[in-house]
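Pasting the structures in now, so scroll down.
One chain, chain A, links the two complexes that follow: it is found with chain B in the first and with chain C in the second.
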Partner chain A sequence: MDAIADPNFKHQGNKPGSVEESPSLLTVIVDITPQLWTEFDLKNGKKDSILDVLKALIVFLNAHLAFNTSNQVALIAAHSQGIKYLYPKNKADDDEISSKNEKEDRDLFIISKNMYRRFRNVDETLVEELYMLFKEEEQSIGKVTQKSTLAGGISAALAYTDRITREMETISLKSRIMVLTCGSDKGNRDEVFQYIPIMNCIFSATKIKCPIDVVKIGGSKESTFLQQTTDATNGIYLHVTSTDGLLQYLSTAMFIDPSLRQIIVKPNKGSVDFRTSCYLTGKVVAVGYICSVCLCVLSIIPPGNVCPACDSEFDERVIAKLKKKPVVPRLTKRKSANHVSKK
Partner chain B sequence: MSHSGAATFKKVAGIITIDEDASPAEMVWRSTAGDKTHTIVLDTIDKLQATPATSEKMMLRLIGKVEQHDSKRAKTDGAEGTPRAGQDGSSAEGTPAPKPQTHMFSFNNREVMENIKSTLQLIISRYKDNEIYEEKRKMADGTSGGGAGGPGGAGDDGTEAALHETGGMTSVLSAAPLINTAQLDDSLSQSKLLANLKLQQSLLKHDKRLMRAFQETVMNAGLGPAEFWATRVAQLRTFALATSQRIGPYNVLSTIKPVASSENKVNVNLSREKILSIFENYPIVKKAYDDNVPKNFKEQEFWARFFSSKLFRKLRGEKLMQSDRGDVIIDRYISLDQEYDRKDDEALLHPVKKFIDIDGNEEDDPVKFGHRPHFTMRPGVDVNGNSDGTIDILKGMNRLSEKMVTALENEYSRAKLQNDAQDSPDEEERASLDIRDLQTTYKADYAMVHLNNKEKTNQNTRHATQQEDGGESAQPAVQVSSEAIKESITTVISELTRDLDLTQVLPDKQTSIDVNAEVISAVKINAKQAKHNNVDQTLGAFVNSIAGENDAKSDLPMELVESCRILHSTCCEFLKHFYIHFQSGDYKQALKVNTLYKHLKDCISKLNELLSDVKDGEGDEIAATCTAYLKPVLTSITLAVERYDNAFKEVNREILASR
Partner chain C sequence: MSADHLRHSVNQYLEELPQPVQIRLYESPATCLAIYRLLPQLAKFFMMSMVFNENFILLRDLDRWVKSNGKLQFQEAIKSLKSLHLITPKKNENGALMIGLNSTFRESFKNALTGGQVNNSFGVVIESDSIAMDILNEYSSSKWETILHFMVGTPMASIPSANVLNLLKNSRLMEETESTAEFKITNEGFQFLLQEANAQIWTLLLQYLKMAESFQMDPVDILNFIFMLGALEVGKAYSTKELSDTQQNMLKDMRDYGLVFQKNADAQVFYPTNLAIMLTSDNKNIHRTASNALDSVVQKNKEGAATESAGTMGDDLDDVALQGQPIQDGALIVETNFKLYSYSNSPLQIAILSLFVHLKSRFANMVTGQITRESIRTALTNGITAEQIIAYLETHAHPQMRRLAEENLEKKLELDPNTKDTLQILPPTVVDQIRLWQLELDRVICYDGSLYSDFENSTEFNLLSKYAQDIGVLLWKDDKKRKFFVSKEGNSQVLDYAKRKLNKK
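Here is the complex of A and B:
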């Protein structure tokens, strides 16, 4: 009897102890726009901070992979001309480009061969793709930079997350998104124009219950919309002044599992600015006007009574009502002003 | 229940009949020969005695009441009616006055005697309860004015039931809705709400906080009540709706639960509303009541009879057994009730639209013609075709439910809704019967909103923001040359082609420690806050953990916080009204704006007064907290005053300059 009962018992006893943490997907969006980073370098008097960031990021991704054998990573770059999946590689591009570049790149063994295979797979692809990306960037210096690549990156990440979660439905994959951006002063201003796409991302992220974390390096401490993003999605907002110790930041603050978000106290600093920006002037507004069609926020009554975002015409009477502002105590004052002053 | 039986009275065989139709009820004994009768009016009977079941003799003795003023109504036609004295000392009153009258009957069948006995018991106890009630009423007449109704006796298997009514008339009157619920849309209009003083008063009574605000602003500071309410129309409307809701008709009888009391009686509590509700729901009861009260019996007797009747059980939805004891008079209405039911069924029948009315062609009725369905297909009927009454009960319940629903039809503007719907009664039917297989499927139509993200706008704003940059930050914007960018890209590329040494990424120890400390300190600060807030899982927002504990902790004494709060709400109230009129663009409002402006100035001085008082009286620390509390409102009032001043100067520039 004992012989039969014992193993059964042990088996059951082991189970709760060996419960594996549910696997999770980490999607990172990194802003590599060279202009921003060069600006940052100039300001801090350092060189090539982007490299430090990328290295720290690679280690961070490896660490995530190391947590659980089923863990997955994805890396999306937002660059000056658009976005690019760095890992996993885009298969369509792959065939075309790899054949072309095979000769020059494949013999460069950038990553040491002794590395753990899962790390190496990811890291090699990343470095390769980054290399290609920077080559592209070299060509596009001086071109007009796209505005909302970061928001585009987040959208792409959400789409990817949603797809993978559906594919992996059986293992109930948890997912989170991390945005790594460099905040120059100008970059912060540009962010203003990303308001609508970022808001859309927030809504989708809350819907698929995917927290979005933000690490902002340099620039101003606050980042209105990215902070709103983290606040709405249960994410963490971290502002780092320099790239020193970035890996430490990432590993202390950025490894909170999505399932623990409700309970754990997050290392957010300061309070979130919930204001939005004016579509026309880019000013952050607390009280303003809003278009009833596209919800575009304005701080002034737009010229021509037309919404600058969606071209819908505003009702003249409503505009007249808004413009009616001029104050009240007039005519009567002319009579009563004397009257009052006499008293 | 048998009301007659053979009995021997004074050794003459005869038949006893109990006549409940007479009021008061009578018991008549008639000799078989028909030459002798003996009538006993039952409300004069005080006691009823019967030989026990064990005894061989079967006798029933009725002992009459002893009354001071001699009003014996029992008369004997039989010549030698000699009253026999109660042997068991029945004259417990101990009054030696006239001896009670006794009537003695003997039976030859115990069952018959038992039947007669229980019927008599029931009737006699009913009369007795009446008397007790009358006495009580006489005594209580001075004290309780409103309480109408009273106890009555009702027998149920030899027990007695007393019925108590609680005077509920006053509460019914006070619950009259404050608005006209029949025309809800109309009564909830802004003008009606603002004119409804009664409603406003009761809302003020109801909401203490609002009352305080009203006192402060309207009574003490002179804001017009119309203004006060104009901004609270929504609140008024909500309150009106909330208070005007009332309980609709419900299954009253099922809520009436007889309670057994100590004296072997069954008590039924019945309130005025319940009686009204019964009458409303069951017209048959109303009819029975109208027919019999007060002609045949008093109100409480009616209810006592009703609750012991079969009619009551039927209406309540219980199965009627052949052996059930009922009430002779009330039970007569059962057959009438069936007639009522039939009428109800007709009234409640949903009119079938002509478009799909199969009954229109009676030939098509499959139930009328053809074979009789098998007994398994006939609900509520067993093999022999006997109905157990379940179907009737179910039907009755359904009827009741439908009546309840229809009773609400005219409430809350629903009549209007129905009229609207009936404009095209067949339209909906037709639409639902349309064959649409070949029609194109409905496609959701979205309006495309084209968002302009024009480079032009961006360029414009770029200039604007850059200008702002210069003003805002002391740091000059770093100009990045394309060479610098190129250089950095080249280094990155060259770096990427070289061996990547990831072991160097880890920061040195001191940096790591610093970073750690930084993150942990942030967590610590947040943890303190997190203690005060509980995350609501469903809302995803912070909510207060304990209901009612809305207040954050304050160092200030309670009275001070309270006065701060009142002052704050008063200021906000004035600010609100000031802006409403200030921005209205209607020059007629100018005077009102002016008075509100003065009120605002008063508010500023009141605020300053309070702050300086606190500073003198309570010390700097508390004054600082107090200032922190009131600073926002002070700032906003100052801003409003400033705006007014500027606008005033602007408008009257010429006049001011000319002076």
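Here is the complex of A and C:
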């Protein structure tokens, strides 16, 4: 049976390390909350930087479609009142629109008629939908804004990804998600309320092996929970200070296809802040209390000695022990007085 | 994979074009887009990072970007970019190698992406005109299948046009027997039949290009037209006015292959078909757009409600594309006992399968058969290789086989993340056996060399044969008969040695 070791058996299987070409789905969640972008504009002394972002984003989506013929894109907007699928459009809405106004040609002049059809289909829908969305935003000025639309957007993207992957099983579609957001200057106040929904998204994303990339424009450099998201899902976190040259960032750092992730060095840097937030106050905690039943993290001892998440009652004696202040040995009278005032 | 093979052959053709021709090609945005898609993945990534960056960048920086396990692909990517002259090298003042994107390509590609000046390279749509999808599908598949049927030799009335016959002859897929003037399929022809549809079309088109050069047609015009066809949208009408004379002539030939449809020969419009779209896509699955997928769900929901279903009947052309999609035609299952089930009803698929499978029975939607030693041997003697059969079986495997294989691999990876196993879609017994059957045919191996015989005593024999063995040129020896055989390359060494040793005594 020496013959089995013969040349015919040598080229069996694929070459090691060869990347198999497979189409991929890119879902982009863009945060277009007007309030955030206005703050950003004011700070940088510019106007309409969101338009720059959206322009770059459209070209980026085209680039993704160019990468492989079977590549697909989806775009979800997280705005002040909730989320909206911009592309692909829901068929039901479509009928409504077409009956209302034939076609809003005046806004579409920026898209060339002779563009590659697949680009044009996507781009036209996007421009049209964005226009509608901004109109809606205009009307809802002064309404109460929803807190965690971004996390909602990520969940919607994951649900969409999961469905498309199932439907396109025959061509083994890979997928990734990109989050484009604008950082606000007021610390991470808004972000803290999103901890639990974002955490849930991370778990489902790792399960379906879908990396989540994040681009944060302006604001503070760090973004605790979004950084944790990218770290856990094998994604990329990128912070840019202005919208200048955003397209170059997108087409380089954000263009790593899932199939290339094994061989390309990711442009991530530094450490990730792994801290979590308090269930009650929403503050980021470094040292805190933890419920022994449901592992919910708290920065204060909850009122009523009941866990706010799972309603289990805590032992009074244990709570009493926790509440006990550290005893400072009295060395001299003067020093002990100092300690009290510090507290 | 045959898709790789296809890429390779198209890329090779492009690489062999002289540089001025390549540069002229890059003037068309549609062509740039198609060429970009043909590149290796890593090359595409590098290109994209350079398109919006006017500066030259250090080659070393690109290299640093790739982890050590991807160096092979890195070399491959750079090589293909260089041979297509897509990047221009330059030395900076420190002597380090810098590269930049070809400026013509950069401009055209940028225009393709942003929808700038595209110069009608993506075709001119005539909105008022349209055509039903089923007419197009029927037309393209009847044209194309006529060609394939003719090659397989199915007895039937229609014979492809003279142009097509000429092309088949020139590409040596078929040959004309002199005595009867009948066409006979060649070994290459058999191999051709096992390829995927887009690879087949490209094989013919590449041949077309070679022939066209002898007719003084401009390859740039032809390639631009081919790549444009791949970027069009099925079901739309396109104007012929913008085409050059060469391209107008080509339309007739493309009609013969079923790539485009025209209502009559002098029509001012043409309609691309599904086959044309396949030219620039890897997957034989003609892409369904995401919105289509979304629609299909909506559609299903609607159909669930019986009252509404009547209303939705008329509104969707996409239906045609969706129905055929879930399982590709000809999906087949191979069992470990060499039984094969193919879910196909098309005579063509069955004819191709019968090239290497012993078919047993045919049902309404499937055929069953057995892979036997005889059936494989007939295929092998026809010039089909074991690798081709295996590749065909793999690409046509039923989605369920693929899923099963993926699950198995995942389980293995969980147990041992370093496992070297690759995805095994087909049962390994069948794959090995097909290879073994091929090996059976190569029993005799020829070597050039010299036979040493008639030794006077065994010490002389032992001395020389041992030396030959030590330097690794001994191919065969027989101690009893005192004979041994040495390969051609080693013969002079053994002779020298014999002269030195034996003359001394």
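Keep this in mind: the second predicted complex is superposed on the first by the 271 of 343 C-alpha atoms of A that agree within 3 Å, B and C clash if a C-alpha of one lies under 4 Å from a C-alpha of the other, contacts with A are read in each partner's own complex, and residues count from 1 in each chain.
To be clear about the criterion, a residue touches a chain if its C-beta (ideal position, glycine included) is under 8 Å from a C-beta of that chain, and two chains touch if they have at least 3 such contacts.
As the structure is a computational prediction, the values presented were derived from the model and not from experiment.
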Which of chain B and chain C A:Asp311 touches, first, second, both or neither: first
Partner chain(s) touched by A:Leu42 [first = chain B, second = chain C, both, neither]: first
Touching partner for A:Lys89 - first (chain B), second (chain C), both, neither: second
Partner chain in contact with A:Gly142 - chain B first, chain C second, else both or neither: first
Contacts of A:Gln248 with chain B and chain C, given as first, second, both or neither: both
Contacts of A:Ser70 with chain B and chain C, given as first, second, both or neither: second
First (chain B), second (chain C), both or neither touched by A:Ser259: second
Of chain B and chain C, the chain that contacts the larger number of chain A residues: B
Residues of chain A contacting chain B in one complex and chain C in the other: 59, 62, 111-112, 123, 247-248, 252, 262, 265
Of all residues in chain B, those that touch chain A in their complex: 449-453, 455, 457-458, 461, 464-465, 469, 473, 475, 477-478, 480, 482, 484-486, 488-493, 495-500, 502, 504-507, 511-512, 514-516, 519-520, 522-523, 525-527, 530, 535, 537, 540, 581-587, 589-591, 593-594, 597, 643-644, 647-648, 650-652, 655-656, 659
In the complex with chain C, residue positions of chain A that touch it: 3-4, 6, 8-9, 11-19, 21, 23, 25, 59, 62-63, 66-70, 72-74, 87-92, 111-121, 123, 163-164, 167-172, 247-248, 251-252, 255-257, 259-260, 262-265
Residues on chain C engaged by chain A in the complex (per definition of touch): 3, 29-30, 33, 36-37, 41-42, 44-45, 48-49, 51-53, 64-67, 69-70, 72-73, 112-116, 118, 120, 122, 124-125, 231-233, 236, 280-283, 285, 287-291, 293-298, 325-328, 386-387, 399, 402-403, 406, 420, 422, 435-436, 438-439
Residue ranges of chain A in contact with chain B within the complex: 34-35, 37-39, 41-43, 47-48, 50-52, 55-56, 58-59, 62, 108-112, 123, 127, 130-131, 134-135, 137-138, 141-142, 144, 147, 184-186, 189, 192-193, 196, 206, 234, 244-249, 252-253, 262, 265-269, 280-282, 293-294, 296, 308-312, 321, 324-334, 336-338, 341
